[in-house]
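Before I ask anything, let me first share the structure, which is written out below as structure tokens.
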Amino acid sequence: MGSVLREYWMPLMLSSELPAPDSEPKRIRLLDEDLIAFRNTDGDVGLVANACPHRGASMFFGRNEENGLRCVYHGWKFDIEGTCTDMPNEPAESNFKHKIHLQTYACRERNGVVWAYLGTRTELPELPALEWNMVPENQRFISMRIQECNWAQAFEGGIDSSHSGFLHSPVSSHRAKTEKDYDKDPNLQAGRRGSSKGMIYKARDKHPVFEVVDTPYGELIGARRNAEEDSYYWRITQFLMPFYSMIPSYGEDPVMGGHAWVPLDDYTTLTWSVDWHPLRALTSDELAKYHDYPRGAGIHPGTAKGLLSATSKPYGAWWPKDNASNDYGLDYELQKNTLFCGVPNLGLQDSAMQESMGPIFDRSKEHLGSSDMGIIRARRRLLGAARALQDSGTPPAGVDAPDAYRVRAAGVVLPRTAVWAEAAEEYVTAHREKHYASA
Amino acid sequence: MGSVLREYWMPLMLSSELPAPDSEPKRIRLLDEDLIAFRNTDGDVGLVANACPHRGASMFFGRNEENGLRCVYHGWKFDIEGTCTDMPNEPAESNFKHKIHLQTYACRERNGVVWAYLGTRTELPELPALEWNMVPENQRFISMRIQECNWAQAFEGGIDSSHSGFLHSPVSSHRAKTEKDYDKDPNLQAGRRGSSKGMIYKARDKHPVFEVVDTPYGELIGARRNAEEDSYYWRITQFLMPFYSMIPSYGEDPVMGGHAWVPLDDYTTLTWSVDWHPLRALTSDELAKYHDYPRGAGIHPGTAKGLLSATSKPYGAWWPKDNASNDYGLDYELQKNTLFCGVPNLGLQDSAMQESMGPIFDRSKEHLGSSDMGIIRARRRLLGAARALQDSGTPPAGVDAPDAYRVRAAGVVLPRTAVWAEAAEEYVTAHREKHYASA
Amino acid sequence: MGSVLREYWMPLMLSSELPAPDSEPKRIRLLDEDLIAFRNTDGDVGLVANACPHRGASMFFGRNEENGLRCVYHGWKFDIEGTCTDMPNEPAESNFKHKIHLQTYACRERNGVVWAYLGTRTELPELPALEWNMVPENQRFISMRIQECNWAQAFEGGIDSSHSGFLHSPVSSHRAKTEKDYDKDPNLQAGRRGSSKGMIYKARDKHPVFEVVDTPYGELIGARRNAEEDSYYWRITQFLMPFYSMIPSYGEDPVMGGHAWVPLDDYTTLTWSVDWHPLRALTSDELAKYHDYPRGAGIHPGTAKGLLSATSKPYGAWWPKDNASNDYGLDYELQKNTLFCGVPNLGLQDSAMQESMGPIFDRSKEHLGSSDMGIIRARRRLLGAARALQDSGTPPAGVDAPDAYRVRAAGVVLPRTAVWAEAAEEYVTAHREKHYASA
């Protein structure tokens, strides 16, 4: 699977994590490789191997200056192409430096996100046109968290629509019985994403029926619930190759949400959580909520308040302070009265489930139901891509179709007779100028 | 050996650890399996696999309500039989739930102890009639501690009578020379188990001679010391299959003591320490001493004061706060002047020895002496049971003889001419109405 | 390689770590063996296996009294020869104790250092006549630190002369351009080892040319830099089998410096740092600087201030408190303005480089240059010794030539026409009454 992932550009980090030319290098781990990211004097990002090719000392301690990273052991200096531009401990006339190369990977920046390509192509593919990275930075908010489990366990949670009515639900949603109850329930009135009929439909019908449609970039996953007598409420989730999701929102002027799950290695994943509005800047209220911890807003871990400072680890800024060691802040009073799961933070509710499966879950022990259809299809897509790449060198879906990523999730009410994927097409397209309400 | 252990009911936890119907679930680890224990609405205890059969999320986060444990990921609910009673994320008409089963193990409660059976029999054996679990709760006190080593290293310490004259002894007992010295020594006058001639005999004769007799339930281990000119002082320890001990007491109205060593896995053991009086409630003085830390009374780790709160670990309530990381509180002043070992807590003196052998000690490196006879015989009994079970399916000793466990340890003075096992029979029987003084 | 190392006496610990007869035992780990060191009542040092031969309990808890170490489990007592002198839990007439032996290794003390021999010879070789252990204790200062990496990575740093112009350099030495700049620079004026022309030569010529000469005890490593028009500045480092270095000093009345790298196991090394003056006591100013932390003086980790108290670990007194978990105290302001590396402590600058290579670096990934010649030759010497020992039982170089170790490092200016190893011979000999200035 690593070979498949390498064919794609991967989101590496936020530009703001390398705040200025010659600022401090950062430890990265990606697809089992230890790397160092830094911004050079010209402002470009370099991504280099952690180990100096001389004797293996870590480039993390390197001096980031004068358009290069200089190992502090013997002063060997490398530019962002990996060329050894100075080898001061060897005689001046030596051309040993020409034989030395520090492994690097290509980086690109776009709208405040740094992307990395670890693949084999010399002519690089285009960046995927994911809407959250096509809009200006003030229209989107991104935070990350480390999950100490395999990336598959993590992304599967993200495209599994049926769990949110349980894991992320308020206790009251399981008690409300009549329409009147739903109307009276404050949790359902002022949902985190605005009040909407969709939230009521979702609370009332906990048995979504799933249908999945293949797309050029991944899978369109429709979760169908009863709405009115003659309509269905479709919550349409996007799975985009190789590890992205978009999750449907609620309300009149919905902020969109989604994730990426980037593997550091087989047991550690960096989960990106993104909120964005296609047309406008996020408001200060919206932004304030993302920083609130532990209840936060939606999918973010509350940024600094919820994070350790662990710079000696890869992606050291993004390790949650509530984790397996304290059961993610599990609170039984909260579980009894307020939140179905009892873990205060929504993102950590996912971490609790996914990490408690173990570092890599033995899939022979699972029993998937009809609500797991999205997961089954996404796995099939990934495994198929791996096989095709291995057997015939076929590039995985989406690598060469960057614009296919111009999609959104959607929550729509459709007539019961509609062919949902067609009827919803307008809503799941990421129009440059149009943005629809969600149900 | 795991197969042998599984044939027996095993003490799982105290009833008080599941204090009420629908109280918080507890993490368990037993014979290398991760399990969750909970008390349902009817008040019965369930012991289930940790991993939800859906996608492996931990049932520890489950909602314990309405006679079941409901996984918080997708709401799958299981009763204490492991039947899936609700699968709310699947369509109502689906009978997928009938194909799903959560592994469970049978539990029984008796007098404040929860027992678990992990064996193969469908018709369950009876619980062993260990006296400390046949008497009312106010007649006994139980505490537990985790030892980070193999259970064999731990139980061997428990049936090795010759070590208590050293590891658990006061320094003064090695200095006293004459009868008068012993009479004057406050440590020997007011021993933790009451003053008695037995303590003096034990301090004077540090070379017990061992004899071991097979019994239907295990081994009777006699440590013979000189008493008076025409008598021996026999301290008789019980080893009961598969991992129980009873240790002889002292004094007029002795409180009995014993242990169980329950394996979490090959490297971790839960050591049960039990004090009980066959006929009367324990006094408040006796109970207060058990809670005292670090000197405590006898074999208990002082309960809360000596324990970490480590709920993210299995048996999280029972991990000692003084452990290998601080050498169990080793104090060289104490070692020089007061306690032979220098570790303040008696139970941790054992932990220090047994854990410092390593997680599993390489037995090829040991050299057993005549005082290790009890250990040699107990191992032989266990290995023999394993072989017999494997070769011919013979149930291990004691499984089908619950009443054979109605025994006690004893400290008796017998004529030198007596056949000790016969002469002591009355004292080592756990009479329902009779209780003998110890020497 | 372990077999080669065992043939040599190894520095074990400072005498002061066993401050008095019957003082507390210390945990040792050496060549993958867990051992206990103690000083008996007669004042002699014993080095014994950690595990009591009875049942493997740790002798660390043993009672050090009456010329022996008495295991606290059953009271078995051992003298420093490993003879079981008392077995009090067995019958008095038993001669089981004569069959029991605790493994020991020979120890010798000289001038405040305890040495250990873990080899096969029954007739022990002589201690190496390393000058720092031939002079009285007041003429030398020793500190140690644990490095969590293979000893080879550690010693290679020590004999690699070209790194000190980078890793250990002040930022200013890379900015100074003219002789006048060097003269004005306070860092170069008052170097930690006194101001000298040598420091200026070193700052100016960062491209030393290396030459290596085999010696009976190891390797003589010369780093040649330009001095004046007709002279070279030779900094001559000693590598002494199997794991010692001596590094050249500076100034009129130089204090000599050197190291030893003693393997606890394949992933952990105890680095000895020694400063000594051949002829006089160290001054109180010199000594005060060694205790200063983090900037310390030279190679010492500031002793107590820079160390954790980790008595549950082997060599528990010597684990640095700044380590990988906090990037050795890396300070980017310091890196920008003052110290090339940014790690405040000189010894930890080495630890940062050597530990960041990983526990054992995969040597297939390195690219050695001409400045690594010393390392290449030292490795060749060690590997050759291993082969010769294995194939023909040849004792490794130096084992039988203790006086060959009477050498020093030197920093000398020689005519460009000189044959350096010959011309420098006088300077690199450890004369009992003569001590030369360094350049």
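Think of it as A, B and C in the order they're written, each chain with its own count starting at 1.
One rule holds in what follows: a contact is a pair of C-beta atoms (placed from the backbone, for glycine too) under 8 Å apart; a residue touches a chain by one contact, two chains touch by 3 or more.
Note that the coordinates shown come from a computational prediction; the quantities given were computed from them, not determined experimentally.
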| item | value |
| --- | --- |
| Same-site or different-site touching of subunit B by its copy subunit C, using the half cut | different |
| Rotation angle (°) superposing Cα atoms of subunit A on subunit C, nearest 5 | 120 |
| Mean-CA-position distance for subunit C and subunit B (Å) | 49 |
| Per-residue overlap in subunit C, given as positions that touch at least 2 other chains | none |
| Of subunit B, residues touching subunit C in the complex | 153, 156, 162-163, 165-167, 206-209, 324-327, 330, 332, 335, 340-343, 349, 352-354, 356-358, 361-362, 365-372 |
| Subunit C contact footprint on subunit A (complex, rising order) | 24, 50-51, 53-58, 60-61, 63, 72-75, 87-92, 94, 96, 99-100, 311-312 |
